[in-house]
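As written, the chain order gives the labels A, B, C and D, with residue 1 at the start of each chain.
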Amino acid sequence: MTAGTVTSSELLSVVASRELAARRTVFAGIGLPTLAASLAHLTVAPELEIVYESGVCGAHPSHLPETIADAVLITGAEAVLPMPTLFGSVLQGGHIDVGFLGAAQIDKWGNLNSSVIGDWHHPKARLPGSGGANEVMANSREVFVVMRRHDVRSFTEELDFCTSPGPDRALADGIRPLGAGVTRVITELGILAREGVGDELKLAAMHPGVTAEDVRASTGWDLQVSGDLSVIEPPSSEELALLREDVDPERVYLR
Amino acid sequence: MTAGTVTSSELLSVVASRELAARRTVFAGIGLPTLAASLAHLTVAPELEIVYESGVCGAHPSHLPETIADAVLITGAEAVLPMPTLFGSVLQGGHIDVGFLGAAQIDKWGNLNSSVIGDWHHPKARLPGSGGANEVMANSREVFVVMRRHDVRSFTEELDFCTSPGPDRALADGIRPLGAGVTRVITELGILAREGVGDELKLAAMHPGVTAEDVRASTGWDLQVSGDLSVIEPPSSEELALLREDVDPERVYLR
Amino acid sequence: METARETELDKTTTMREAIAAHVRDGDTVSLEGFTHLIPTAAGHEIIRQGRRDLTVVRMTADIVVDQMLAAGCVSKLVSSFVGNSSAGSLGELRRRVESADPEPLVFEEYSHYGMICRYLAGAQRLPFYPLRSYGGSDLPQVNTALRKVTSPYPAPDGGTEEIYVVPPVNPDVTIVHAQRADRAGNTQIWGLTGVQAEAVYAARKAVVVVEEIVEDEVVRSDPNRTAIPAHAVDAVVHCPRGAHPSFAQGYYDRDNAFYRSWSAISKDKEKLTAWLAEWVHGTRDHAEYVDKLGEEFWEGLAVGEALSLPVDYGRRL
Amino acid sequence: METARETELDKTTTMREAIAAHVRDGDTVSLEGFTHLIPTAAGHEIIRQGRRDLTVVRMTADIVVDQMLAAGCVSKLVSSFVGNSSAGSLGELRRRVESADPEPLVFEEYSHYGMICRYLAGAQRLPFYPLRSYGGSDLPQVNTALRKVTSPYPAPDGGTEEIYVVPPVNPDVTIVHAQRADRAGNTQIWGLTGVQAEAVYAARKAVVVVEEIVEDEVVRSDPNRTAIPAHAVDAVVHCPRGAHPSFAQGYYDRDNAFYRSWSAISKDKEKLTAWLAEWVHGTRDHAEYVDKLGEEFWEGLAVGEALSLPVDYGRRL
């Protein structure tokens, strides 16, 4: 594989890593978010600490972890916190700059569904549910969403169910939001972005060769286009080298 | 010293120890409560565990502890809990059978004052305050009070301030009580007792040579006398031997 | 000075006796362990003993819950994540929820912190526990246990402030797996400690399953390591490798291959039934299950040594 | 894989710099440590630097608080126990409260668990924290921060249930003493761990004072021992014996004689002033205070060794 052939995972990891510039703490699951955070640590965010939902802070794993609770994340870590401390003092306490989330569906306000497809009481497909996603959304300063699939079924006008609401829905429910909600959605087509309360997700940038119309056609709502729409700089050879040689040399996630 | 001369501390410790029969957990401070609990463990309550306000459970101290946080209570203990766990899960969670408390003033319902003598805003004497006493009262199944001084200033019709209220005051405040409040008050004159909500402290037993009138005269309210008033059996030579030889051989607290 | 219980209670028993004594039909049973130290062997013994109509409370309902569902033990599930970790789906759970096949499953859905706060409220005898989750979520519409309280203090802007709360959960019994305990039940856990201590304190009864029962001196050399004190424990069961296919930090690694295989097994009801017949009903106890997997298998999950450096508790001179 | 911060921040600094940078006149300052690991040396440096108008938050207001009061640093105290342990009274505190001598002290009185819950609410960004204390107490009459909330769930008898709550406390800075930390601030505490972690998480800034700064490998050999992770710490101060007259488990014992002497010193304003002049204003820093006490004195507080047995975290083969 040359630097010219960039896989989807590499592309998403590199683009997500750039968005972490100057961040201090990131709440991330295993896979693309960890790859992005690890690359950011080597490039744009040298002080970055990854906090795992399992309670691990400051991991120094000997091998690539396969889950957020992998034994290799614990041995040699700086701290392993009980779950009430992790969720109560660290996450709800406001110590997370960026939370990474995935979802089956996202709407224009950055609200997320990871519970069901169809009606909750009689679902067509029962999905895993919130896990900690509801809390990551409610308490992180901002949330990044990485979605491999950018299509009208996932980017939808109306969620089948809202598992993890952004601040606009919280406000409408009479609850004061603590974070900005989803500020970046990174996909194979480009980046959608919003600032915070009252904003909807707009197309902010596209990968080379993708048009705004391509993205709008793949989005289930009437996607607005940002005034300063840009084209995403392709992964540099330095970024790719770090990702391939230092972050995931065994290519466990860089499929 | 022969078995015939029994000090005040010995008397109170022995009498209090008997009241711990068949209890499993006791929340105790250092001094008379610990002596009583330790003796009870050797006699009437072999399964008794002392839980200390500092977080220590199942202590096996090498020396007589001087405070509830003495280093000798920690080394070799079965568990040392963080304070939120101790107060939240153990005490408020309902794991304490008997809490020991002292106070500057007690009233007929077993309400306690350990905050001030005089008006709270302009006190004649500022006392230490609640510490954990309010919680011990609110959450223990029952509370034992050991008071060396039995006089009308301490056993009072009306408290200057209620730091640690019994269940009757809690109910009047609209709060559902979890424990019975003070069920035993052990003094140099005898034992006052009550069962729980709605009962007042009555004279239940006296030491040999003390009359009911003596106790009533030393009590600041119109003390009622129990129908089955008894005379307290003096400390046995076996109780005294255990106390002097096993519990406090250096006579640190058996003054 | 004598302030200690020299005659500790011995609470050790067999898994069979512990489940027979402490888990009854219709009970609310909490099984905790977040990815690490999942009490699988206890779940299997519940299946062997044919318990029915259980309400299972578990943050991450994963393979052991799918197995208990398939064995017909469970009528209600209280959980915040129903999936086979990151390895796929739970076939039986999806059939129960999506098609009421073979029968409906009552499902009470939370988020992780909602479950944690339910345990905290249960452990602390609180009527409710507040948390900054759920604002604007659809979860309160399908779970009426999620309610709001108005704060008696002004919000930062001077107005009133509302917050969601969850009710306590007080399981009839909580079962957790741990690395080691003494015979009285003082239980030490390292690595991920999850919500085990809170789940135990919230329960009326608690069963602790351990890799090792150790001498009192081991526990007492490091009292800060005791996550669950003896006074909260009713039974101690020695059951090595009882957390498989999950892992026990320092004892054996996670069986990732089994996690990956579970999606295919559980998707096919016949395969799932055959698996239960062979591995649960077909084994007398967990020791037989361990033997059946074989020494070569266990060598594949073996881990090397990484000892903690000691701390000095000091002693009076 | 590279998921770690190889370039840790070095947050080590001197006590003088830490107090100068993080404690300002008028600040709310939490000093925690329940009998064990009391941050006395930090209190003394606050006195040396002449801070004024502080609100001190501390569960057990004891000798160091009496000293800070006497030095004129404190205008308000938030506490649940104002006494010299079991050894007697705090003379300056009693003069301030009983006679407004030399000036009044604003005093906000709680119980221990009320203080703990204020820290928990502060750490968890909750608007309030419920607790089963205070029902029928006179404390809510003198402390209007103690309020009631009605539970949205029925009481066991089917009626409504009320419960007291406390508001969060968010100190401008929390200062704690600990046995050891790495240079980034990962802090390990053993023995009594009190409420230090919650007090740190509740604060806007946190200063950790330690007996020892250790290599990263020491901390990382036992990550469960880390009570306070680096992300919550702003400054790390190496200050051996900085908890005197309290103790540091495994390092030195409690100076009970000093506790007993404090009642007489503090009862007499002249003696107290002279003590501060000699031991605080008269020493440049804590190292000089330690030297002044002398090696023979410290030998009297020395403790023997009682090492914890290691646990095995395991490593992938």
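Heads up, the rule we're going with is that a contact is a pair of C-beta atoms (placed from the backbone, for glycine too) under 8 Å apart; a residue touches a chain by one contact, two chains touch by 3 or more.
Please read these numbers as outputs of a predicted model, since none were measured by experiment.
Asker: Using the touch definition from the top, list the chains contacting both subunit B and subunit D.
Answerer: C
Asker: So, comparing C-alpha centroids, which chain is the farthest one from subunit A?
Answerer: B
Asker: Could you put a whole-Å number on the gap between the CA centroids of subunit C and subunit D?
Answerer: Inter-chain centre distance comes to 35 Å.
Asker: So, what's the distance in Å between the C-alpha centres of subunit C and subunit B?
Answerer: Computed from C-alpha means, the inter-chain centre distance equals 38 Å.
Asker: Averaging over Cα atoms per chain, report the distance between subunit A and subunit B in Å.
Answerer: Each chain reduced to its C-alpha mean, subunit A and subunit B end up 57 Å apart.
Asker: Residues of subunit C that contact two or more other chains, please.
Answerer: Counting only residues that touch two or more other chains, subunit C contributes 120, 125-126, 131-132, 148, 155, 161, 163, 191, 193, 197-198, 221, 224, 249, 253, 303, 306, 313-316.
Asker: Please output the residue numbers of subunit A that touch at least 2 other chains, ranges allowed.
Answerer: 56, 71, 74-76, 80, 88, 92, 139, 178
Asker: What pattern do the touching chains form: line, ring, star, complete or other?
Answerer: Basically it's none of the tidy shapes, so other.
Asker: Mind giving me all the chain pairs that touch?
Answerer: A-C, A-D, B-C, B-D, C-D
Asker: Show me the residue ranges of subunit C that touch subunit B in the complex, using the header's touch definition.
Answerer: Within the complex, subunit C touches subunit B at residues 1-5, 7, 9, 120, 123-126, 182, 184, 186, 197-198, 201, 216, 219-221, 223-224, 226, 229-232, 313-316.
Asker: Show which residues of subunit B lie in contact with subunit D when the two form their complex.
Answerer: 29-31, 53-56, 66-71, 74-76, 80, 82-84, 87-88, 91-92, 111, 115, 120-135, 138-139, 161-166, 168-178
Asker: Looking at the complex, which residues from subunit C come into contact with subunit A?
Answerer: Interface residues on the subunit C side: 34-36, 60, 79-83, 85-86, 93-94, 97-98, 109-114, 116, 120, 131-139, 142, 148, 155-156, 161-164, 191-195, 197-198, 247, 249, 253-254, 256, 303, 306.
Asker: Show which residues of subunit A lie in contact with subunit D when the two form their complex.
Answerer: Contacts found on subunit A: 24-25, 34, 37-38, 41-42, 46-51, 56-65, 71-81, 85, 88-90, 92-95, 139, 178, 246-249.
Asker: In the complex of these two chains, what residues of subunit C are touching subunit D?
Answerer: Against subunit D, the touching part of subunit C is residues 125-132, 147-153, 155, 161, 163, 165, 167, 179, 188, 190-191, 193, 218, 221-222, 224-225, 249-251, 253, 302-317.
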